[in-house]
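Taking it in order: structure first as structure tokens, then the write-up.
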Amino acid sequence: MIQNLQYKYLVAGLIFIASTLLGYIALSQYIPSSGKVDAFSALSSSKPIEKEFNKELQTRIAEQKLAAAGTYELQKIFNAPDGDVLDSKGNAVKLSQYTSGKYTLLTFFYDMCADAKGCPYAFTTMHTVKNYLEKTPALSKQVRFVNISFDPERDTPMMMAGLEKRANRNNKDFSIDWRYLTTKNVDVLIPLIDAYGQNVDIALDKDSGKRTMEYPHVLKIYLIDPKGVIREIYSTTYLSPEMLLNDIETLMIETEKGV
Amino acid sequence: MYLTDKFPKLKALTKAVAMAVVVGAATQMPSAIADETSCSPFTPLVKGQEDFVYVWTLGVKGLGDESDKLVTVDANPASKTYGKVINKLSVGGRGEAHHMGFTDDRKFMWAGALDSNKIFIFDVATDPSKPKLVKTLNNFVAKSGLVGPHTFYAIPGRMIVAALSNAKDHGGQTGMAIYTNAGEYVSTTMMPTTNGGDGFGYDAAINPNKNAMLTTAFTGWNNYMMDLGKLIKDKDAMKQFGNTTVMWDYKTMKPTKIFNTPGAALEARWSYAPGDNWAVTTTALTSEIYVYKQDDHGEWQQHKVGTIGDPAKIPLPVDISLVSSGKGLWINTFMDGTARYWDMTDPLHPSEVYTKKIGEQVNMVSPSYDGKRVYFTTSLLSNWDMKGKSDDQFLKAYNWDGKDLKLAFEIDFYKEKLGRAHHMKFQARDLKTLQPLQASTANKLNFASNP
Amino acid sequence: MSGVTKYAIGAAILLSVAIATVLGITKDIHPPDVLGLPKVPVPDDNPITNAKVELGRKLFMDRRLSHNNTISCAMCHVPEQAFTSNELAMAVGIEGRTNKRNAPTILNAVFYNRFFHDGREHSLENQVIGPIVAFNEMGNPSVGYVIDKIKNTRDYDGMFEKAFGTPVNLDHINKAIAAYERTLVSGNSKFDRYQYGNDKEAMNASEINGFKIFMGKGRCVSCHTVEAKVAIFTDQGFHNTGIGYTRNNTVYHREPTMPITLAPGITVQTPSDHFDHASERPPNDVGRFEVTENPKDRWAYKTPSLRNIALTAPYMHDGSLLTLESVVDFYNKGGEDNPLKDPLLKPLKLTAQEKVDLVAFMKALTGDNVSKLEKEARDAYFVTPVEMPAASVKEN
């Protein structure tokens, strides 16, 4: 079990580094040098940005066609459903304590997910959001991430503890609290994912008919406001760090304006 | 950014957003690839052989049980019941069954009725060969004030329901409602009536990569429910067709540009082929093809790119469907029952390369993802369909080799006492390898309800 | 429904009837005198009360009054369109079924002696149920069905009892809606203030000249009556102007092509038979003859009032004329010739200015309270309940 765990960390870590590198390589033609770009500071700390890159940056903003934060309203979709979950210490807790009081990004996942456009993509995106928000403690303090597993058999609290520790490893006291939660069993899990409208399949092996390790699903990330209302749902077809940040900012402006 | 100036605390965040854009480049956004029978890009697609074709069928007074029904046809050539109706599910009553759409996870299919305003939600995942009606929404008019739920378009966790009319006067002023996948009402956005908008609506289609939504404009209940011959002669009623299309900021649901598009633009389709970022529609009355593309400044522009048949004869171009490569467009003209294939390799200069008469009348066209199979149905609207002998009602499946349509199978919907064949959706799910996550005791069909 | 609930509802109804009586809700209302209009005729057996009007208005606006919950009286007599439909020549009924005539305005309908374009009914009360059970209007299968449906619709609980003292029945549905329609009177127009209100400034020169033509050279008044103290602009009679004759006979003599306007500024000449396969056979319409079976009445139709005429386009019994200008042109040429044409119709030889003035006069016939009546009707629509019954008749 322990070995397995470490192996997974290694794989996850490698995937993360590899995707980062790939991204950097893909981008590097536009970044002859960089100074302020510090998303991946280890890779791009000392090079000043040239005009070309600025152009590219503007193009990307234009391409995403995002309206300025605070100029639009996010729908009040439905109240974040409650349910019984286990925290990373194995304590039985109510999910609601993690879905109100802060701006929350919540997603269901399973650790074995290998769909590049699924959980790993969501993880990377959320990580980027976390890094940026934490540059401004006043903001990051108000934000929380929640991952809930839909593989309670394999994703035990102990597993969750490992993931949680890794996700929060560089945390300061103002950092985004990234919670990893799981459930006691499938019977507890089902009503929860049903309530969120997160459908999941169990993949069976074609020949043997036995369960594989896969849970094919259309990934969703829920943005929940401090009052516990779901205000946006993202899927990987429509997800980028800038959009998440823009929407969180919109909700913060809404709160400040006292709407 | 003036808003953030008032809230200095947020300035830092604004900066963060700008910076994060860099990362957007590193972690490529997954490109949306869609159009298997014109599905939302938020819905997973059937890319191989479709196993089933669902046909949303209008009940006909004096035929069979006279009710609207969902007909399931076996479309897999390897199956013993290939080309046969394997299930029919009557929903009771005649409500002007029209269009359908999957939820974002393709587990449920919503089907609307333009007259009764009912919305039926079918479970098409538990047993795709036998859809089950799990919920009927009766509150569309009461919640939204709209009439004629037309397009059902999946967005994450929700459905956009684009309507045709309203409950005040059955005219063409209308809007779009949003429901959660569980069938709970969220909000309504009215079609714009300022800056050149005329308030009419019909279809909605989204390009997530561009954060853009294109909507089109048809006509209200008075007209879509009226006998076609009577309508054509009613000069006042003929004024009540939409003459605009609207490009929206999908995220904010605000119009960004309103185009003058005379003659009722109907189906809106995006090409999601990699590198493509254009949309196409056709106008029912004026028989024109319009393409929407961004110019060098990123502004959406409308281009009139082609004319379908002889507009003076009003061929009534109805359903259109882009093939998944974006290089071909099927266009059906209702009045002459003809399917037309247009080469869209250059979307600004398309050309008609093939035509075939499918029947006395033809409305919907649905190509498979690989483009090799094309399905056609007949019904447009119960009171616009041909009368008497010309009133063919069928599903015809063809194989398409890029040059010719060859009939694979045909189902006569009148002979089988089904009704008028309208919208089609495909489903394929290998139950042997994929099972919904389901606890033994829990009933997967219980939707969440909005607290 | 449990016994206790039944008692509770019964008690609540009794209580509300009692309170209503005390508060005077059931007291008779006497419609106020309106400048230019006769006294509103109120039958002895259906005095107007607030409770009846409120109930009648609710019924009038309620889409559930049709078989499949889609059509109310107000879907064809749209409040915001002066209680007619400005967007249709001829009305469209349940499931889109064809109606062969234009929906007339309800405003001032109370002053007619006969109802419908062919005058087949003689009272507002009797008129009401016609469209409700007509196959091609609201499509209900029977009177009993309508009564059952209202009985099973909770938001009507107590309303009939309050208005009539007894539960819903056919007579009371008719009386409630008729009582509401008696409140849809609209006078005190510019013309009324000029003619009956001693306000010679109320109409401008063009309108005054139009009035003179109306009374004289235009011969309009020979059918659209104006009296010494009031004007309802109808002789309550039936006339063949040729519109009906022409429509029923041109079908067989049509041109090879017909113009169809597809969008503003885009008109095409389409082969006249192009839509034949997609058309039902247009219904025949012989007008008053369909009631009297008197051959002289073929293609004769009721003279409509001209009050609020500027708001009630399109015109004629089949909605075939879109503007007042085209109506004036039609009468200026003496209508459409046919063997049974009313001899009152003769070419008028009006000058262009006279036509303009005549139209200006007709536009001075708009009542002063139309928007108020519209709003009252729409408010009643919004208090109707939110959820449609799942089945047409819900069993409890």
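Chains: A, B and C, in written order; residue numbering restarts at 1 for each.
The working rule: contacts are C-beta pairs under 8 Å (C-beta built on N, C-alpha and C of every residue); 3 or more make two chains touch, one makes a residue touch a chain.
Quick caveat, the model's predicted, so the values are computed rather than measured.
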Closest chain to the overall C-alpha centroid, by per-chain C-alpha centroid: which is it? B
Select the chain at the greatest separation from subunit C, using centres from the mean of Cα atoms. A
Can you work out the whole-Å distance between the CA centroids of subunit B and subunit C? 38
Here the gap between subunit A and subunit B, centre to centre from mean Cα coordinates and rounded to Å, is 32
Averaged over CA atoms, how far is the centre of subunit A from the centre of subunit C? Could you give it in whole Å? 61
Which residues of subunit C touch subunit B once you look at their complex with the stated criterion? 63, 68-70, 75, 78, 80-81, 85-90, 92, 95-96, 98, 258, 260-266, 268-271, 274-280, 282, 313-314, 319, 322, 378, 381, 385-390
Show me the residue ranges of subunit B that touch subunit A in the complex, using the header's touch definition. 1, 3-4, 7, 9-10, 12-14, 16-30, 32, 41-42, 44, 104-107, 125, 155-158, 178, 180-182, 184, 186-187, 208-212, 249, 251-254, 298, 432-442, 444, 446-448, 450-451
What part of subunit B is in contact with subunit C in the complex they form? 93-96, 115-117, 136, 138-139, 141-143, 147, 167-171, 220-222, 224-230, 232-241, 243, 262-264, 285-286, 311-314, 335, 360-361, 382-388, 390
Looking at the complex, which residues from subunit A come into contact with subunit B? 19-20, 22-24, 26-27, 30, 36-40, 56-57, 60-73, 75-79, 81, 117, 121, 124-125, 128-129, 132-133, 135-136, 138-139, 150, 186-187, 189-191, 193-197, 199-206, 209, 215-218, 220, 222, 230, 233-243, 245-246, 248-249, 252-253, 256
